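Dropping the structures in below, format is structure tokens.
Shared between the two complexes below is chain A, which has chain B as its partner in the first and chain C in the second.
Moving on to the complex of A and B:
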């Protein structure tokens, strides 16, 4: 069964998106991508530290991957726009994950500035995927501003606490006619499966995989969970009931 | 350069400045005085007094 996800005109088969940070080495990240068939990966843009000879992450990201640079470090719309333009100039393509964060304790996104940046970048031809706090009105504004998808958080970045915002995300899925990609906070495959069962279009994970005891095995587990959750969504889960309902016939008992 | 004051002993183009630091320029992006400078221009722009140079590259990252 073909079940593609189309974002910004690009057709994707794998609904697990991967962040490339926190891996013990770049080669491990590359191995994770190869084993899972992840197609969309995020990277960040930083000043070069010429005193440290670091490996170039881009030499390890498989060429067939679609890059989704983030605007991490941006504290307002203007900074996010600047980072996005630089990322495109660096050859990363036209996808951009907008992150505007000024709260350093919980790393919660500034929806207002994010909407402003989305509007500017969408007009400049970017495929804009904004990281956002799951608020229905903000998501509507993001859609109007030209977002290609919206990326609500499940829980604070790197917290591994799962779908704490479940009900708000459910409302976005129900209301907003854009792919809803759960970004941030997912710590376990079961939580990714839960998001996909609800109808999330994709999930993005990084910390949960990169900091697991065995990142490769955990990535494989997430990959299965995302696929299982998606299949369950397509299958249409059966209704929950307060009391039992036998699944064997209630006639012909041997008594 | 990258938020720090640097002194040049001789006149350098952007290309020379990066090459001097033994850095592979393949995936490097440069902003000079808040303007993105494509690699094709690195050889004909000579750095001047009080220029604000940002030299950036991609690193591993997911969120924040």
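Moving on to the complex of A and C:
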């Protein structure tokens, strides 16, 4: 049976999403996409120069990829909404990753403004994927506002600290009936595998791949890890135990 | 409360005594810490830290790549006018220097913009001297109307303004502010600014904060290296940036450490900052403020700019002219200072890509 991820009516087979901001060369990003079969790529609208011929990141994103512009740089809902509209008007498609960040030190998302932007953009027909701090009530409101998925952070952007918010993400996966995509903070393939084993629908990485010594090899490693984690989730892992367990020492007499 | 309240308690601080006491162990301890205090920053600026530049460089490189990626943001300065009422001893625009002054008309701004736009550059930094008579905010606004058609991000490096004036220019298309205190030491500041509106130390000191309050997206500051003991000056610039980032979470606070360059006039700098110390400054700045943008301009030699790429630099100016109308006139006018790195955009791109850095021309889209 095929194990597809469906977001906003689009069927995806690859659950590794790729960020683009930190690669040393646009062409390297394109190579990573080719080698991994990544299908969803996020690009900051702030970086896209629709007039440039050569240095335009868009020209390096393969056509078969689904482009998910993001609102990086937005400090409030209003700016995020305007960025999204510019992206769509410029032909960058219907998907939008909302990023509203007004803390320039830890780059933590503003859930409140993110919910506001999600509501407006979902009503305008965008497929909205909001980047968020994993909070159950905020995720619930994002769903009510029309989000197509929610994207909680594992740790602050670029920190490579892994699944620091694991328990909160587990609660989102358990409770929110939308794809939960772990975005930001994953530094190693093992952490991506862990997120997928927990039931995350996909993961999004950039720093961990783009700043590795060998970005291409690291991307391939993440790709395998995401697939392995997904298979493990589907297989239903046996429960882990602290100690070896004798068979029914207290209730054996019931046999 | 403003930055002066943080700065002034240091008036009686014994910097030489502090530096004498810094040991190798102190430096090692700082390098083992995850986040740095102002005192840690001062330790990294000490003579004792000079023996640890390679270790500092490795950490600075890691943190910069992690936070910013393997990319360098490029921008270019555009001088609108050189009228000035100040007598800054170290500046070519000093009112006492006699040369034909001028300001660009909107039509000339358009021509310069067209020349710059050919390089794919989307971010310009506009500069003037300090003359509210010749280049009032209304003139800047006129120029912005032209520039907005060509660039997606426009920063200001002009005389200090009121909050409302900054806000007005933000409404007209500006998103960034660069303003250098030049020198934090008040006595030296007084001595090298003998006349003109720039004599008001506090008004200039508080300008970056007024820019933040007005809604600037990026604010960049720094000392002009050469006017005083660089260790103290860099320390205060770092504290200033740290103060702003704590007060204004949403502003990208950046640093720049321009070194004194030859100019029209005969001012001799108090100290010259060696390449080695310049590197120490960048590294200490990066480790103290891991998220701060660090700009290195064409004041610096091409070879040095290339070598310090991995050490913490995030922004570079390129294809610069420090003269009004420098791109549209056959005979270049009088510049504010001499440029060292004169490479064209193709050479810059080739160098950056060759060294594993993606040049970024556009990093903001006005919304």
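The rule is short, and it goes like this: the second predicted complex is superposed on the first by the 235 of 255 C-alpha atoms of A that agree within 3 Å, B and C clash if a C-alpha of one lies under 4 Å from a C-alpha of the other, contacts with A are read in each partner's own complex, and residues count from 1 in each chain.
By definition in this document, contacts are C-beta pairs under 8 Å (C-beta built on N, C-alpha and C of every residue); 3 or more make two chains touch, one makes a residue touch a chain.
Bear in mind the structure is a predicted one, so any value in this text is a computation, not a measurement.
Aligning the two structures on chain A places chain B and chain C in a clash.
Residue contacts after overlaying the shared chain place A:183 against chain B, while chain C stays out of touching range. Contacts of A:165 after superposition on the shared chain: neither chain B nor chain C is touched. By the touch criterion defined above, A:36 lies against neither chain B nor chain C after alignment on the C-alpha atoms of chain A. Applying the stated contact rule after C-alpha superposition, one finds that A:75 touches chain C and leaves chain B untouched. Which of chain B and chain C touches more residues of chain A is settled by the count: it is B. Once chain A of one complex is fitted onto chain A of the other, the partner contacts of A:223 are absent, as it touches neither chain B nor chain C.
When both complexes are overlaid on chain A, the residue A:47 reaches chain B and chain C alike. Shared-chain residue A:24: touches chain C; no touch with chain B. Residue contacts after overlaying the shared chain place A:191 against neither chain B nor chain C. Of the two partner chains, neither chain B nor chain C is touched by A:111. In the superposition on the C-alpha atoms of chain A, the part of chain A touched by chain B in one complex and by chain C in the other spans residues 21-23, 26, 45-48, 54, 82, 86, 107, 158, 206-207, 210. Contact residues of chain A toward chain B in the complex are 18-23, 26, 29, 42-48, 50, 53-54, 56-58, 69-70, 72, 82, 85-87, 89-92, 99, 101, 107, 131, 157-158, 183-184, 204-207, 210.
Listed in rising order, the residues of chain C touching chain A in the complex are 65-71, 120, 122, 152, 217, 245, 249-253, 291, 349, 353, 356-365, 367. Residues 2-3, 21-24, 26-29, 31, 34, 36, 38, 54-64 of chain B touch chain A in their complex.
Residues of chain A that touch chain C in their complex: 21-26, 45-49, 52, 54-55, 73-75, 79, 82-83, 86, 102-105, 107, 158-160, 206-207, 210-211.
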